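The two complexes that follow have subunit A in common; it is paired with subunit B in the first and with subunit C in the second.
And now, the complex of A and B:
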């Protein structure tokens, strides 16, 4: 946690409500997100208890499993979930626009521009909390290897075709969620903590109810009191007044309410199934409303300038997976091969560097953190001295002197970057401090001035301009290219096996786990 | 037969001290007359070792005070318990793994932990696995029975599976008993701790946080076993090695079939060993208490309702220092109470333990904000919402104070929208 964030948290303690960490919204928010609030059964992997799902905050679809240990009921739940979610995911597949992309021509080996489809929008799934993202990934894993009756007539529990398909989509968005700044699948707690600092620790911020009341406390209460109430207030029956955001349930709920209701269901009593459904809904509904409340809070923030740019990458990711599904490719393997894994890691690293740079450029408050850390500095121009590079064709290399209160970690000749009014980046290098003035760095401009003998108008700052230079690149690029997975060297395990060879999970003898 | 007496005779081994009569008396007073001490399990021990600076936890755990009941009586009940679904599932899975004389468990163990040169793997693979009976009366009896069985199994030189052995471990000068799921004795005299957990291992990987917690628990078991191992080595003359790779058994993928992985716990082992050694001894903490201090809840006849006023209990609890950090919330029943106190005091650690590093000597949020609000730099109006903090007592040359003032000035400037790259100023959160 940076010192600025620490300070913001302490301000929040003193003010009794959350304080802003950003001045803009740094994540894309869809016009029509799909909210998914899942619940799982304690102690069972991949045994969902229920979910609220939908795009209409007034009319969520309730799915509940009256006895999660019964495999048939679990599978029925997953089929219903697929029916509810797949039309939404597929709904973005046909609205396309054309993009030009450079591709290597297989015959000539040259890069040629080709027109490719890019989906004009993409789905966005919002879950309450970070464990919810893990749960989507888990559900994806549990579904994508299931066999349909068509694929394997002998399969003991054939799945409807949409179940393995949803598994592949959940796996895709779950993997994409690991890319910094990606927005196909987002946890509400993560979204809120990125934009606000509360007066509690990061651990406590994982409780969606407590986090929300710090940001938007009920009238007349302090965030602290409201958050403590949300965390621990219980009714006469020992139940939490603000149920946890899941997917795990509160043990008191399991032991006092859910277990007896399930016992009634097991005994075949009339109305028992509705009893479980009502219980599950009572637990899910507050979280559902909290997620939408969070969406309202975030929508009130203006989007950062680079957010659309990053969302376009999400649209590429969505389009690519749509194409893989349409091409009939097999589901994602259980484990990535060496090349795919290395590629993913490198993509995440460059996405992180890019996100850090873009957030700072979009938001003076984030930039303030970088300035405090010595990775950027802002100052007023005091002098501009024309100068030229040596060589046959001298190019303009003006020297700009600034006055700044920042303490950047500069080294002679170090590269500097500045964003120009037209969105382009100007490069420069640090040329030392003005004589006897340790707070007056001199910057030699090295680019962004056009090709002429004279710098293009407006490309060189003038005295009294305020400029902000960063020590980090604005569009960092990834490392060198990796070989094709089929060309994996033997040192890294050799070419991966055929992904179609992945077998489904074996079915155990017990019907009830 | 008594573990401590037996160990006392082996000169090389530090004896597992039973508390002195004086201390035992004092600890009983702390619990209250007639209240049975609460046993410490490995989970609690691992949590205690994770926060060795907390004297409050060391004393309450050492005295065997029921912290959950205490928290309830203080009006800040703990937020956690266990779901009966998880318990049923955990027990069913463990029974399945150990069924049939532990055949499946032994197969997994041989598969994952190759015994190495010393172990005649193939020959021993077919050999019978002995499952000694460990039942006895009382924890001392069971611990003694376990020590005997371990000695006998090591002398016999075959495979033995000890189901739920009980081990004694000394914590801050008072004894505690821990119970691993199983311990396997190898023919070469090596001992392996087995942890059976019901969280799944999916495609060979399990939740890292859960594996970490299991490893910390296993480290406590290994530490407890090492004491017994020294005794057995002294008695039998055989080399006894408690292995630092434990076997973690989990359900495979989404099924009920067991799978296992060897977990290297050397790091957890050295951390736990160091932290347990650092714990202040319970005697010292108890001696520093005001006379007459007790955590007795004075339970009513129903055995659950505390009749002692919460204020009196709070005073008693306040007599011993806590070292609260947000991590306590997941590990200590008393955490909500300590958090409340910590927040009242404005302690910076209530926001996270890591914060203290960059704040130098500043200990409270008021001090930090006062330091940040001071000159130089542009006036930091936006950053000190309450204003009016007294001038910081710290010298402005303090690097932490200088950094704070710069941070406050930069933050205020950015929030005021002064910077050229600024977007629109956000609305005040939650005011719409």
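And now, the complex of A and C:
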């Protein structure tokens, strides 16, 4: 935890109310997100109990499984879920714009510009909490290898065609959610904790109800008291007044309410199915409302300047998966091969570096955290001294002296970066401190001044200007290209086996109890 | 049994076996585990020279530019006629200017300029961008345990066979983003290059260097037992071979007493009163700076097998090690306040591979309310406790043993991931138990 976040948390404790960590919103929020609140059955991995899903906060679709151990009912649930979610996911596939991209011509080997489709918008799924993201991945994995009657007429229990398709989409958004800053699938608790610091621990922040009342306490109460109520208050029957955001359920609910209702369903009593549905809805509805409440809070924040850039990458990701589905490619493999894993890790590391830099540039409060950590400094220019590089063609290398109260972790010759008014980045290096003045760093500009003998106008700061230099790059480069998977070297086990050769898990006696 | 041989004979036998496998073996890879200061760089230089002498051009992969420059300098020192290429990035100041004066060393940012040289050295990051039609027949990968699996993946296509050298006890590579989804896969991109290599090629010959030439007789047994319990090594020198003495007698203060204890026994623990503190604990930072100041003021002299006369203990022969960069920055500031300059102050990550006469360590757990996986990491403590030729002085708040007992390791166990022994918890306790015998309590 950074020092500034620790400070914000302590202030939140003192004030009884969450403190902002940002001045702008750092994640894209769709105009029309799809909210999905899933519930799982305790003690049974991957057995959904129910879900509320939809894009209209007033009219969520309730899906419930009256007996989750019954596989037919479970599969029916997944089919219904697919029917509810797929039209939304597909709804963005045809609204396209054209983008120019450099591609290597297979005949000449040269880079040529080509026009490619890019979806103008992309779907966004919001789940209540981080375990909800994991649950989407789990459902994706359990669905994407299901065989349809068309693929395998002999297979027992064929799945409707939309189920494996939804599995592939869930897998895609679940993987995309691992990329820092990506917004195709977001947990509400993660969104809120990025933007506000509460006076409770990070573990407690995983409780959506408690997190929300720290940020927006009911009138007349402190966040702390309201959070305690949200976490632990129970009614006369021993049921939580604010049910957990799932996908796990509260044991008291399972034991006292759900189990008897399921027993009635198993006994075939009239109205028992509706009984279970009502119970599941009673548990889901508060979380559904809480997610929308969180969306309202986030919408009140203006979007950061780089948010649209990052969303564009999400749109590329969506478009690419749309194309794979349309091309009839097989579902994502069970495990990544060595090259794919390395590519993903490298992409995520550069996304993380980019996200950290962009958030700081978009938001003075985030930049303040970086300044406090010694990764950036802001100061007033006190002197500018023209200087030139040595060599045949001297280039301007002016020396800029600043006065700053920040304590950056500078080392001689270390690179510095500054964002210019036109959005470009100016590079510089640390040239030492002014004599006898430990708070007056001298910066030698090394770029962003044009190609001329004299610096371009406006590219060199002037005395009394306030400037902010960072020690981190603003647009970090990605890593080197990796070999093709079929060229995987001997150190990594050689080329992976053909993915088509991978067969579904054999049916064992335990699959059909 | 190696115990009956002299250290030099044992080390020579190990080196001969490694070179034999490298030059004449039929495996595609050879792995060498090297404890701290066991002559890893010497081995790399020798293997490179022998391969080149046998008419087999090779590429050398190191992890940082400083390591690459160091290797090139050593190669040129051993064999001034050997044609060596230093492949570097196109940024200014990419390599040590000292290389330009060497007659047989050629530097370039383009591989085409260096293609016909006997030895070409560069970082893994630079090699990853290189494309060649014909791979090298041989490669040496240095610091292979600090290289990430994905870095090896991007360079492994450049060579047919390789010698992998590294220290398994030092810091593992890491990733700033989560890589749990690949945990347990043989090619987990965030694991070390050697882990992946051996998982896919279990039959490769593995050697280890049995003697640490850096660590004194007072340190090798502890470092060996605490960090290398299943692959023990010994010190190349005996108890009487190294001596640290001060010209000025101690003034009886805690700082001077811990210096005397360290000069006598090779270890010293300066224990401050128990307290929860911020990371840059001002008292502990000042204590570290005072220890360095007194080390210099008291005219330390180090006697070793390297020379007959005692060598003065200068600032360049002293290092301060910390866990975090802000702690290092705070120590640097405190040293400047005391008028000390020229002492290397850095984090464990950056001190890896370096050697000093005396090290002063700010204990990673000093003053902490919790013991996280970062602070417990075995490699971090191992690096900090194994940089010295004479003595190591640890500055720490009291209460670390209790802290450890309250925070057993809670890292989730992942299927398919080899459990690392010893874990950081165990290693910390082992080191602490030993240090407590050399404890000086001090209230600043």
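Some points to look at:
Please note the rule applied: the second predicted complex is superposed on the first by the 503 of 513 C-alpha atoms of A that agree within 3 Å, B and C clash if a C-alpha of one lies under 4 Å from a C-alpha of the other, contacts with A are read in each partner's own complex, and residues count from 1 in each chain.
Operating definition for what follows: a contact is a pair of C-beta atoms (placed from the backbone, for glycine too) under 8 Å apart; a residue touches a chain by one contact, two chains touch by 3 or more.
Since we're looking at a predicted model, the values are computed, not measured.
Of the two partner chains placed by superposition, A:495 touches none, neither subunit B nor subunit C.
The partner that reaches more residues of subunit A, of the two candidates subunit B and subunit C, is B.
Of the two partner chains, subunit C is the only one touched by A:413; subunit B is not.
When the shared chain is aligned, subunit B and subunit C each come close enough to touch A:335. By the document's definition of touching, neither partner reaches A:158: not subunit B, not subunit C. Using the contact criterion defined above for the overlaid structures, shared-chain residue A:476 touches neither subunit B nor subunit C, since it reaches no partner. Comparing which residues of subunit A touch subunit B with which touch subunit C, the overlap comprises 335, 407.
On the subunit A side of its complex with subunit B, the touching residues are 1, 3-4, 6-11, 13-15, 17-20, 22-24, 41-46, 138, 141-142, 196, 199-204, 215-217, 224, 228, 231-232, 234, 249, 251-252, 254-255, 258-259, 297, 300-302, 304-305, 334-335, 361-365, 367-369, 371-372, 378, 405, 407, 419, 466-468, 505-508, 510, 513. Those residues of subunit C that touch subunit A in the complex are listed here as 28-29, 93, 125, 128-129, 149-150, 152-154, 156-157, 175-179, 181-182, 185-190, 193, 196-197, 200-201, 325-326, 329. Within the complex, the subunit B residues that touch subunit A are 76-77, 79-90, 198-200, 202-204, 251, 253-257, 326-327, 329-330, 336, 340, 343, 346, 348, 350-352, 354-355, 358-359, 365, 368-369, 372, 377, 383-386, 403-404, 406-408, 410-411, 413-415, 417-427, 429-430, 432. Those residues of subunit A that touch subunit C in the shared complex are 178, 180, 335-339, 341-342, 345-346, 348-349, 351-353, 373-374, 407, 409, 413, 479-483, 487-494.
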